[in-house]
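The following pair of complexes shares a single chain, chain A, combined with chain B in the former and chain C in the latter.
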Partner chain A sequence: MSQEEIFTKVVGILKPFVRAPDALAAVGPETSILGDLKVNSARLVDVVLEMEDAFGIAITDDEADSVRSVGDAVSIVLRKAA
Partner chain B sequence: MIVGNDVVDLEDPEAVGASRRERFVRRILRPAELRVLERAREPDAALWSFFAAKEAAYKAIVRLRGGAPSAPSAYDVSCDLASVRLSELRLRLHVHEADGCGFIHAVAWIGARPEFGVGVSRGDPGAEARTLAIRSVAVASGWPSSILRIVRDPQAGAWDGLGPPWLERDGVRLDACVSLSHHGRFVAYAHGH
Partner chain C sequence: MNRVVVTGLGVLAPNAHGADAFAAALRAMKSGIRHHERLAQLGFACQVGGIPEGVDELQRRYLSEDELIAMNPNMVYAAIAALDAWEHAGLRRLCPDDEPDWGAGAILGTGIGGIDTIAEQLAPRVDAGKVGRLGSTMVERIMSSGNSARVAGLLGLGNQVSTNSSACTTGTEAVVEAFLRIREGRAERMIAGGSEGHSPYIWAGFDGMKVLARGRNDDPEGASRPMSAAASGFVPGSGAGVLLLESLDSARRRGARVLAEVIGGQVNCGGHRGGGSMTAPNPSGVRRCIRAAVEMAGIAPSRIGAINGHLTATFADPREVESWSAALELPPERMPWIQSTKSLIGHALGAAGGIECVAAVLELAGGFVHGSANCEDLHPALLPWAERIPHRTIDLPDLDVVAKAGFGFGDVNGCAIFRRFHE
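Here is the complex of A and B:
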């Protein structure tokens, strides 16, 4: 799966949890998941679980802790799926 | 002193039934907390009490250290909800479940017991939480609320690019901690003296 395909899939996972839908129009690797998209901390747990299912990977708490932006989430998938 | 707080609306769709989602629960709770949840008469309330306690501790520790682990399972909440630990750091804890109102409010602190409260949001929860906090500070200090302000500075690496909130009196930063939160129908605050 290409980086672009992973990015699209990650954005699709985030979409139901976003509380600032306008920010999705300009979403990019630098977009902050909590700050820009307003995903709350409880829903971030759901995002991690959905990413595990969608990409068939396991994400540790430390790895989840490092995710600030959409690009961070994509990087974890790229690293894990390699 | 430092303080952090978190409020959870138990009737919000994301909160209802969450205790039945096993992977979600296991991602948040530590083994001893899980055992409490398994015995709880109101498992959703028990789950969100632990979660709010961990969030409150996270906010307080970010203020103390400039950063903290955000994974809920990093925080160890005592079974009696009286304290919460991150490694060697122990914070005191107050968790209030309002019977009939449908919210959990958790406050974690180090130092003197803070003032805290919860209100109902009417549409702009961020502003409403600030207003409630300022009114409470005004009552506690005797200062008029018109000279008090809550500000946040830009902070690189913070989850929303901003640091924790600070109190200002007539534009001068006070050595008094304040924490704001909102979820669903509720807004909440906690502040030091």
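Here is the complex of A and C:
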């Protein structure tokens, strides 16, 4: 799976939790999940669970805690799925 | 003490959604009871129930995907009814960046809460050792106060926000408690009522104790039979009913339309004495509750034009009517009209009082008393009151006072008195 495909899939996972839908139009690797997309911080748990299912990987709590931007999430997948 | 008025109504019932549609459904005596195949598959003796229709589509008009992820049907019903009541009262929804409305709160009850979510999602995953797969929304969906908490966020409420629970008295109790809070000047306006989801897990316990209707699975609309000689138990229902209660001063300041005034209310418990128990009412408790509400209202019992009873279709119906007569000290022939909204929508448990208080206010505002369905074969013990039980909807343009009561497991009672608004 290419980086671009992973990015698109991660954005798809985030979408239901996004409370600032306008920010999705300009979403990029630097987009902050909490700050820009206004995802409720508690929902990061659900995002991580869905990423594990979607990409067939296991994400540790420390790895999950390190995710700030969409690019951070994509990087974890790239590293784990490699 | 503040005068307290009703300025908005929200209702999601098995037979209608919205105040206008619900009023029309009551007038037409439209039943919301249907046969549910899943109950049959699971071996329920009672396979009929009342479930609001079209909610899958409806909820997306009211709630975002992010909000729906963390809600179960109980919470969704409460939210739709509360948002409707707010809008019906002509109030504006706050923006996310606004200051909370410190004068506005909610007492929004539920009888069973999120037990469907516990049974379908929490317990199986915990039992399978998958606690780590529960996600972040489980607590929000199973905490007892989930319904009022969600509504607080949707409306920006800054006053008391809590969920009460007193079995089938819940909704009426919420209205009485919110009324007292505004009366005392502790809040300007309150969302008040109750909500209840629907699920085999919510209804199974009642079926197991054999208090649900039997023998009418092939006749859903005839299955809910309060006051009937053939009553065999209640039909379970679900939904939400919410009143927007407000101080008269607040309503006047903003030029709000007043639908009715709350002039009295009381809640109490029979103490499981004098014939009362966990599952049966102490008649003295019932009578004291009604009397106290009427005394607070400061009206002669003969001024009451209609009683929207608890009347579920169990053995307790004749006892309830006897208690109304005794409490009001009126002989059967001089009693107000006595009706059961449950004959049309079933018994919505923690939502029943909220939905039925909405019905009472709609009847006052619209000048009618809806017919009590399915009791043409009146219970023999109720024959003395036969002329006071309407089988068809009656236009009553002069209807001035309606009394609403709810009673529940735990021997708990609640009674609210509504009057048409007079300056």
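Rule of thumb we're sticking to: the second predicted complex is superposed on the first by the 82 of 82 C-alpha atoms of A that agree within 3 Å, B and C clash if a C-alpha of one lies under 4 Å from a C-alpha of the other, contacts with A are read in each partner's own complex, and residues count from 1 in each chain.
Assume a residue touches a chain if its C-beta (ideal position, glycine included) is under 8 Å from a C-beta of that chain, and two chains touch if they have at least 3 such contacts.
Only a predicted model underlies this, so the values are computations on that prediction, with no experimental measurement involved.
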Which partner, chain B or chain C, touches more chain A residues: B
First (chain B), second (chain C), both or neither touched by A:4: neither
Which of chain B and chain C A:62 touches, first, second, both or neither: first
Touched partner set for A:49, first chain B, second chain C, both or neither: both
First, second, both or neither for A:32, with chain B first and chain C second: first
Contacts of A:22 with chain B and chain C, given as first, second, both or neither: neither
First, second, both or neither for A:40, with chain B first and chain C second: both
Footprint overlap on chain A, where chain B in one structure and chain C in the other make contact: 40, 42-46, 49
Chain B residues within the chain A interface of the complex: 14, 18, 23-24, 27-28, 51, 55, 69-74, 157-162, 183
Touch list for chain A against partner chain C, complex: 15-19, 40, 42-46, 49
Contact footprint of chain B on chain A as seen in their complex: 32, 34-35, 40-46, 48-49, 61-62, 64-65, 68
List of chain C residues in touch with chain A within their complex: 64-66, 69, 133, 135-137
